[in-house]
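As written, the chains take the letters A, B, C, D, E, F, G, H, I and J, and residue 1 is the first residue of each chain.
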Amino acid sequence: MTEFRDTLETFPNSFPERDYEIEIICPEFTSVCPKTGQPDFGELVFTYTPAALCVELKSLKLYLQKFRNEGIFYENITNRILDDLVAVLQPRRMRLVSRWTPRGGIRTNVTAEYTAAADN
Amino acid sequence: MTEFRDTLETFPNSFPERDYEIEIICPEFTSVCPKTGQPDFGELVFTYTPAALCVELKSLKLYLQKFRNEGIFYENITNRILDDLVAVLQPRRMRLVSRWTPRGGIRTNVTAEYTAAADN
Amino acid sequence: MTEFRDTLETFPNSFPERDYEIEIICPEFTSVCPKTGQPDFGELVFTYTPAALCVELKSLKLYLQKFRNEGIFYENITNRILDDLVAVLQPRRMRLVSRWTPRGGIRTNVTAEYTAAADN
Amino acid sequence: MTEFRDTLETFPNSFPERDYEIEIICPEFTSVCPKTGQPDFGELVFTYTPAALCVELKSLKLYLQKFRNEGIFYENITNRILDDLVAVLQPRRMRLVSRWTPRGGIRTNVTAEYTAAADN
Amino acid sequence: MTEFRDTLETFPNSFPERDYEIEIICPEFTSVCPKTGQPDFGELVFTYTPAALCVELKSLKLYLQKFRNEGIFYENITNRILDDLVAVLQPRRMRLVSRWTPRGGIRTNVTAEYTAAADN
Amino acid sequence: MTEFRDTLETFPNSFPERDYEIEIICPEFTSVCPKTGQPDFGELVFTYTPAALCVELKSLKLYLQKFRNEGIFYENITNRILDDLVAVLQPRRMRLVSRWTPRGGIRTNVTAEYTAAADN
Amino acid sequence: MTEFRDTLETFPNSFPERDYEIEIICPEFTSVCPKTGQPDFGELVFTYTPAALCVELKSLKLYLQKFRNEGIFYENITNRILDDLVAVLQPRRMRLVSRWTPRGGIRTNVTAEYTAAADN
Amino acid sequence: MTEFRDTLETFPNSFPERDYEIEIICPEFTSVCPKTGQPDFGELVFTYTPAALCVELKSLKLYLQKFRNEGIFYENITNRILDDLVAVLQPRRMRLVSRWTPRGGIRTNVTAEYTAAADN
Amino acid sequence: MTEFRDTLETFPNSFPERDYEIEIICPEFTSVCPKTGQPDFGELVFTYTPAALCVELKSLKLYLQKFRNEGIFYENITNRILDDLVAVLQPRRMRLVSRWTPRGGIRTNVTAEYTAAADN
Amino acid sequence: MTEFRDTLETFPNSFPERDYEIEIICPEFTSVCPKTGQPDFGELVFTYTPAALCVELKSLKLYLQKFRNEGIFYENITNRILDDLVAVLQPRRMRLVSRWTPRGGIRTNVTAEYTAAADN
């Protein structure tokens, strides 16, 4: 499913000399549980420091919509979307938090982070 | 009561090279006070970083339901459930917070943590 | 299951000449789904105007705990508990609202009311 | 215990020709359970339309403090305090709502009202 | 699209002699905008008084999921789902409120109601 | 103290044929307790239907500031300000609610209303 | 400024036989104070029952944006926008509430309503 | 007043090898102001890491009730109760936060902490 | 205006050997803008660790009331009040946060801190 | 567009020897999207430690209003306004957070910071 990431577009960061942070909150994410075929609903929160590129918001929206009918687990969604954005943006740092609506009286949140090697 | 932990099932962590965090919130926990025989009600919040295994959520739900008619103190529930999950998952880190509804005008919360030796 | 109602105790209303209202909120109700055997969790809110009798609160707590391992639907719980309290208290008016935690992304609330014939 | 009401002081209503409403909220009420000797904690909310007299707030505070070590049930507190204020103020209308902190997982609220005969 | 309503299942109302109310809250509804092809997200709240039949909750969930990839306007979704439920349940009264997430800085809610003729 | 009302300015209501409502919320009111000389703090909420005139907001602000060092009781402030605004605006209807910060663990709210004779 | 209303577009109401309600919330309204030239910020909430026509949401957004650099008072904005929508939609009923951010420590809300003559 | 601490009972900590935290929230504390004789109302929050002993909750409740008619300042209550609990429990760490309801428009919170010498 | 600080009274700290924290919240502060003569409204929050002395709360209230008709900027109020309290109390540490109600759509908060030299 | 910064006025910091913090919250910011020509709405929060100069609040308001009809992206607004304020105030430290209303179901926040060289 790597081809999803081709949907992502970027624009140049106009202030690359400054280490600043962009937070993007997507409360309308939905995908499908691979076990039961039932839809899952969650909120994704991206927090990143751009290097040369910023993500274009409309393309991010279209990229996330590609998961609408995809069967995939919470943990894998979170890690794979982070991988896709890191591959396209090559940011200095990026964190992705996904928060899911309750199933069977239990709620789950997943947090994954990336830090560019040179940043350590 | 070690046999409760046999209910817990796992699935392989697909991103073991990344140190990420899974938070599981269970607001529907109930057990029984060993002194009075009255039911207790609480919320359990697990936060862990998986090593090779993740806990399967439905099996966690069934595991927690086994305490429904069990007489056990707040402090012991919290520590014993943490021990069970650590035994089964062998996570890098795990924290368990339990928050209990008021009794006699007093509320209690208990927090216990585990860190794998190699993680220090 | 009519024998549950024998647990309910009453005390005399000291101000029967006044038409006043008592609200009792029980956020710790739990029973079992008759289809799946899974536990259900809900909040019950009673609102009533006593005639000759008030319900004793500790006995109400013990009465509600009898449903802990009983398999019964939301709609039937609400109507049956209302029937039991009306039978024992003979109040001027009584309303029972039950609010249930989400299952499959759906939440349900049920509201039932009783009014004594002479009150119309 | 009728002598409690002697603590209540009044001042003349300067706008008796207007039918207006005064709401007084007392979140620091405490008394003692007559069964168990344990303290009870609640909030009292008075809402009244004065006729010739308004209640002086400091005297109301001192009056309510007299219940601090008094053993008395929720329903009786609410009705008796309403009776005392009605006797002293002779208001056009008065409502008293008492809301109590949880005991055994159950919360109780009591509401009583008075309306002067001429007001009907 | 009338065939969607065949998904809805019912069970008999055990307390038909009482005029009581069932509220069902579905915060995970999603469909598609017929103009733009973009997904819409909303919350549906049903409030009804059953006559002979109650809606079975799992079948309601599956029925609502059928709209996932359907292109349809807010106003039409609300009225059509109300029509389907009324046709299947023949309730005494039913209200449906749909609340939608913002688009272009604007949020929309739609409310439609049905009352059985004999109920007037 | 009737001269305070000379501060109030008005402008003509451009839509006198429509019966509409203007709500003005003033959370920064302060005056002085005539008994103790201590400052009182409250929020005033005006709700009125204009006839020929609307109140100009800046003049209202200056009018309310005149009470800053004035010694006056809650009940009298509320009724007197309502009287001043009714005298100047001659509205169809006006309600004034004042809500005061706690003193001695007790909070007070006062509500007064005016309705033009022809409006009944 | 009547020409603003030409921006509004409509679509046919598919359920004209049902008396249902559409609520539209616009929290991003801005105009200019005619006295000071300073920008004003408010939220508009429309609630209406359509007859033959519904308002198209994108055209409503563009219509409201025309006020961005217009000098106009709160009371007049509210009444004029209501007049424009009533002229274009001819609804059965419509209410418009505008809520404005504070100026000089004072907040204002305005509510205006329209009811079609035949509806009375 | 050292004899108050004799009311406190303990039970052995079953998990002394783990450094875990117990939080106890007591929102129903009341004592008396030594200057004015007026009652004070506050919330106490204990957070501690047990060594060999845990505090028994019912005995804590009874211990706190002993302050009901005691004249003592906020700062001294907080420090003295901390001293009593530290003397009885000998915990690894303990923090006590007291939060008091407003008097004369002013609210006060006091925080005191204890750390066992070996813990540094 | 240094003479304001003479209003402040102190009492001895009974637990000087313990490094504990006192927080005092004053939501009813008001002064006057030196530019416009208009009143300003704010909340002051003091957080300090006492050395030999604690501030007496009633004297603090009277001290703050002295600013009621004083013309002074936000930044200067915050720093000057901190200076006065530090001069009188000689605390180990003190922080003062002032939060002001909005003016012209803009809100301001100011935070200033003091640490005794020996504390570094 | 560097000329915008000429609108900003300053006043001398009266407490330059103290390292204190000023937070300014501007929830009424609006500009225009350079792609679509649609208005954007956001909240700006400035947090800074002054050196010799403070920003005058009314001039800040007028400065921010200059962006009302300017086409500019979120990331560039945030960085450019920070640059302007740093150029005029030469503060010890300054942070600017901008939070934007949702577009297409996605919200964005941007955070940029400046620290004077000598401050490191």
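Here, a residue touches a chain if its C-beta (ideal position, glycine included) is under 8 Å from a C-beta of that chain, and two chains touch if they have at least 3 such contacts.
This structure is a prediction, so every number in the text was calculated from the model and none was measured.
Contact with both chain B and chain D is made by C, H. The interface formed by B-C recurs in F-I: of the pairs listed in B-D, F-I or A-J, only this one shares over half of its residue-numbered contact pairs with it.
These two copies of the sequence, chain A and chain G, are related by a rotation of 180 degrees on CA atoms, to the nearest 5. Between the CA-based centres of chain B and chain E the separation comes to 38 Å, rounded to the whole angstrom.
For this pair, chain G with chain J, the centres built from the Cα atoms lie 32 Å apart. Rounded to a whole number, the gap between the C-alpha centres of chain I and chain J is 28 angstrom. As a whole-number value, the distance joining the C-alpha centres of chain D and chain G reads 46 Å. Of all residues in chain D, those touching 2 or more other chains are 27-28, 38, 41, 101, 103-105, listed in ascending order.
Of all possible chain pairings, those that touch are A-B, A-C, A-E, A-J, B-C, B-D, B-H, C-D, C-E, D-F, D-H, E-G, E-J, F-G, F-H, F-I, G-I, G-J, H-I, I-J. Those residues of chain E that touch chain J in the complex are listed here as 38, 41, 101-105.
Interface residues of chain E, counted against chain C in their complex, comprise 13-15, 18-28, 50, 54, 57-58, 60-61. Per the touch definition, chain C reaches chain B in the complex via residues 27-28, 30, 38-39, 41, 65, 68-69, 101.
Contact residues on chain E toward chain G in their complex (touch as defined above): 75-76, 78-79, 103-113.
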